[in-house]
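Letters are used for the chains, namely A, B, C and D, taken in the order the chains are written, and counting of residues starts over at 1 for each.
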C-alpha cells in the first residue's frame, strides 16, 4: 500500500533544503490550505452533480446533460452563477450575525473536513483525540444555522432555525453514542489509530451485532445531522419555503448549499472510517492473494469509494421517504434511538471485555 | 504541529468565505428598491416583529441534551481505556450509567419527551 | 316534492312556490331566518349547496339551494329585497357553516350585508375596492379601480352587523388576531398552497392556533364576463376554472344549457362524455397523488404520478388537440369525433394503471412515515363535512355519500355499475385512500363503456344563435374535487342574465380552520394537500 | 457571431433579429479582451444555470410542473432547482392570470428577487390578459407591472413551447454584457434619496 507520507516528506525535505525551516513551513501551510480548498470545492461540485444525477435516475429522468459531456459541468455553472448573484442586505436584520452565519457553517465543515484521513498518510489534522475533535467542530455548524435563521428577522427562518436547533441537538446525542460505541471497540480516539485497528477486518465485520446496530444508528443520525432526507425539517420546502436560509441570496446561500453537500461527505466519510475501515482495503483473513490484490487499489480510492457509497445510501433515503413531523422526529430520537444506543453500548462493552469479537 | 495545522485549516475556511464574498461584493450587480430589504413572507408584508418570545418546547430538548451530552463527554476517556480496566471498569461506570438512565426514565415519565 | 311544498306552506303562509325540476320557494326577507330554521331543524335540509347572489335590476336578493342528505331532495329559496342602497338579509351562518364563505362572496359581489354574520369582509376583492362588480349598475371604468401596487391594509378586526334581542341592528367588531400573536402568512406565493391562496396563520411554536383564509388572488371575474357572452362562448371558461377537471366542468355547463333547451344528446356523445369525465378524474387524482406526496416531502412520487398522467394527456391530445384546456364538449354533443386510436389507447391505459397503483402503494402508502403523517390527522366528522359543505372525495372520506353521479345521475352513470367509495375515518389518510380507490372505480366504469360506444352522430345540430327560455336552471356534476354546480338565470336572451359557478373547492378552504386547529404546521400542509383544492376554481 | 444553445440549431430559432441586435450592440461597445473573455465565462455560467421561482397561479402552472416532471425534465438544461424563495431564484415564470389583488404581491416578489433577474410571461393571461382581458379584475398582461424578457404564448403553452421560450432566455443571457452592462452598480441614493 502506497504511503502518502513519503510524498509529503519528500516535499518537506526539498523545501527545507532550499530555504530556512520557517519558510518551508510557511509554504507547506499555504500548500495544505490550497489543496484543502481545491478538494473542498471540487468535492462539493461533484456531490451536487452526483446527487442530481442519482435523484434523476430514481425519478425516471435524465438529470443535467447539456453543460459539458453528460452535464458534468452543471454544478460548475451553478457556482459561477451563484458567485456573481446579488447579495441582498436586509433592512431589519442583525447584520453582524447575518454575515457571521455562513462563516461558521463553512469553517465548521472545513475543520471537520481537515480531520478526515483521505488516504494512507494523507491527513491534515491528526490529534490523539481526533474523532472527538471531529464531532466537536462539526457541531459548530448548527450555530451557523441558528444564527442564520434568527438574524434574518423573518418568521419562516426563525421557525426553521429553532427546528434545526432542536433536531441537531437531539441527533448529536445519537452520533455521540454510536461513535462512543466504536471508540470502546477500537480503544482509541485517534483517527489514525481507529483506521489502523481495522487492518485485519473492518469494524462492521469484526464487531458483529453491536457494530452493525451502531452503524445503522449512525446512518440515521448522520442523515438528520446533515438536514437531509426525511429529516429536512429546517428547510422543509413545502412548509417553510426555504427554511433557515430563506433570506440568503447569492453566494451567501451558496455557502449553505456547499456546506450541505460537504457535510454529506463528512458524515459518510466518518461512517466509512469508523465502520468500514476508512482508507483500509478490504482484507479477508486467510485469503492472502485476494488481500494483495486489494492492496494494489490506492488508499485514496478506497476512502472516497466508501464515502460515495454511503452518500448514495443517504441520498436514496432522501428521495424515498416523506418528511417527518417535528414531534415524530424527536420521538424517534429520544424514545427509540437513545435507549437503543445505550443498550447497544452496554452490549459492546461486554463484547470488548469478554473478547467476543473476531 | 497539529495545532498549527488546525489554524491553517481554520484560516482556509475563513479565506474561502472571505474571498468569495469579496468577489461577489465587487462584481455582483445591485439594485435598490424599498421592498427589497424587507422580509420575504410569501409576498405579503410581515405583521409585527418576528423576534419575539418563542415556545418553550424547543428549549426543553436543549436542556435534556445538555444533560446527556455532558455525560457522553465523561464516557469518552473511559471508553479508551476500557480494555485495560476490564470488568472493574464496567461495574464502576454502571453506577454512573444507571443514574443517567434514571434521568431519562424520569423525563420520559414526566412527559418531557412528548412534543407539546 | 309536493310534500315539501305542503309542509312549507303550512308553516309559512306567505311563501309562494314555483314548480320546476327544483322546487322554488319565495319568502319575504323578514320571514327568511324563521323558514331557514324550520328547513334545517324540522325538514332536515342539512346541506347548503349554494347561495346565488342576484341583482334583478329593481330588487336584489339571494337564491339558496338546499339539499336533504337523507334522500337527496332539493329545494331552492328565493329571498328578494327592494332596498338597493343598504341591502340587508339575515345570515344563516348559525345553521350552515358553509354560509360563512358564501355570504361573504355575495357581499363582495353585490354589497348585500348579512345580519349576524360574524365576519363581513370582502372575500375575493381587495378591501379598498370601489363598488360591487356583479351589480348591474357597477361602474367598470378602470379609473375607479386602477391597478394598485401598494399592499392592501391588513385587517385584524372584522365588522359585523348584529341584531340585538329587541330587534335593533348594531355595528360590532370582532377580533381576528390579537396584537401579541405570531401571525405568519402562508401563501399566496408558497409551494404548498397549490396556487395563490393566502392563509394567515397564527402560530404558537409549531402549533396552529387559527387560520384565516384569503381568497381572490386569482379571481378573474368569470361570472361577470359570462353575462356579456353568448352561451357557446361561456363554455370555454369552464375549462379554465378547475383546469384539472376541465371536461367535467364543461359537462356541467353543457348539461345546464341542454336541460334548459331540452335537447337530447346522442348516445355516442353520452358514452364519450362519460369516458372522458372518468379519464379526467383519473388524471386529476394522479396529480393529487403527486402533489400530495410532494407536500409531505416524498419528491420521487411526484415524478411517478406525472409520468402516468402524461399517458392520459396523450389520449386527450389525440382527440381534443390540447393537453389542458380541451374545448371538447359543446352544447348538444361533442366538438369532434373521437380519434380512431382512442379506444385502443384507453384500453391499454386501463390495463396499465392498476399495476402502477400497486407500486404507488408500496412506495408511499405503506411507508411508516407516510402512515404516521396521515393517520388521525385533520379529523372531520360527517356532520361537520355536511355543515361546511365539504363534498366530493373529501366528504366521502368522512362517511358522507355525496356522489352526484349516484344521487342525481347524469350522462350514463345510471347505466354503469360502480361503487361509491366511502370511508368513515375522516382523516387525511381516508381522503388519500378515497382518491386512490376512486381511480380504480373510474377504470371500472371506463372498461364497461369503452367497447360499447355506439355508432352515430356525435352531436345534434344546434341553431347558430342559442337562446334559453326564461327561468332559473341549476345543474350539478361530480367533478374531480366534488360537486360543481352551474346556475343560469335566463331572461330569454342569447346571453345569460346571471351565470353562477358553484365551485367545489370554496367550501374546502372553509373547513381548513377547524381541521387544522391545534395541529402542527406540517399537519396544515398535509390537510391542505389532502383536500386538494384548486385555487382558480374557488376564485373564479 | 452565433449564440449557441446545445442541441438546438441556430436556424431553428425563428426570430433572430432581436438577438442580432443585441450582438450588434455588444460589438459596438468595444469591450477589452480580458473583460470580454470574463463576460463569456460568466454568461456561460449564468445561462446554463437559470433557476426558476416556484410561482404559478393557474393552468400554466400545471404545465410548468409537467416541465419539471419526468417526460420533459427541465433539469437537463440547468433549470434544475426551482427555489421557493425569491432571494435565490434567477427568473420568475409568470404562469397564469395575474389579477389586481395579486399585482402588488407579484411586484414585491419581483422586487425581492436578487439581481440579475428575468421575467418570463407564460400563457395568454400573462402575455395580454388572454380570455379574461375584459374582466374588471385582471391585468392586461403582466408587462403592466413588470419588465418582461420573454413572452410565451399559448393557453396554456405546451411544455415544448415553454422550453423554446426558456432557450430564448438563455440566448438573451448569453449575449448580455456583464461588466458595465448587467452588473452596473445602481446607486442607493437614486432610489432612497440622501
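In this text, a residue touches a chain if its C-beta (ideal position, glycine included) is under 8 Å from a C-beta of that chain, and two chains touch if they have at least 3 such contacts.
Note that this is a predicted model, so its numbers are computed, not measured.
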Of all other chains, the one whose Cα centre sits farthest from chain D: B
Chain C and chain D, separation of their C-alpha mean positions in angstrom: 35
Distance from the mean Cα position of chain D to that of chain B, given in whole angstrom: 40
Centroid spacing, where centroids are CA-atom means, of chain B and chain C in whole angstrom: 48
Per-residue multi-chain contacts in chain A, two or more chains: 59-61, 84-88, 155-156, 163, 237, 241, 246-247, 250, 326-327
Junction residues of chain B - those touching two or more other chains: 27-31, 36, 38, 40-46, 50, 54, 58, 115
Set of chain C residues in contact with two or more other chains: 151, 182, 184, 188-191, 206, 302-304, 307
Category of the chain touch graph - line, ring, star, complete, other: complete
Chain B-facing residues of chain A, complex: 25, 29, 32-33, 36-37, 40-41, 83-92, 102-103, 106-107, 109-111, 113-114, 124-127, 129, 132, 150, 152-156, 158, 162-163, 165-166, 169-170, 172-173, 176-177, 180, 183-184, 187-189, 241, 246-247, 250-252, 254-255, 326-327, 330-331, 334-335, 338-339, 342, 346, 349-350, 352-353
List of chain D residues in touch with chain A within their complex: 6-7, 41-42, 44-46, 48-49, 70, 73, 75-78, 80-81, 83-85, 87-88, 90, 112, 114-116, 178, 183
Residues of chain B touching chain D in the complex: 27-36, 38, 40, 43-45
Complex interface listing, chain A residues touching chain C: 55, 58-61, 155-156, 159, 163, 230, 232, 236-241, 319-328
Residues on chain C engaged by chain A in the complex (per definition of touch): 182, 184, 190-192, 203, 206, 293-300, 302-304, 307, 363-364, 367, 369-370, 372-373, 520-523, 525
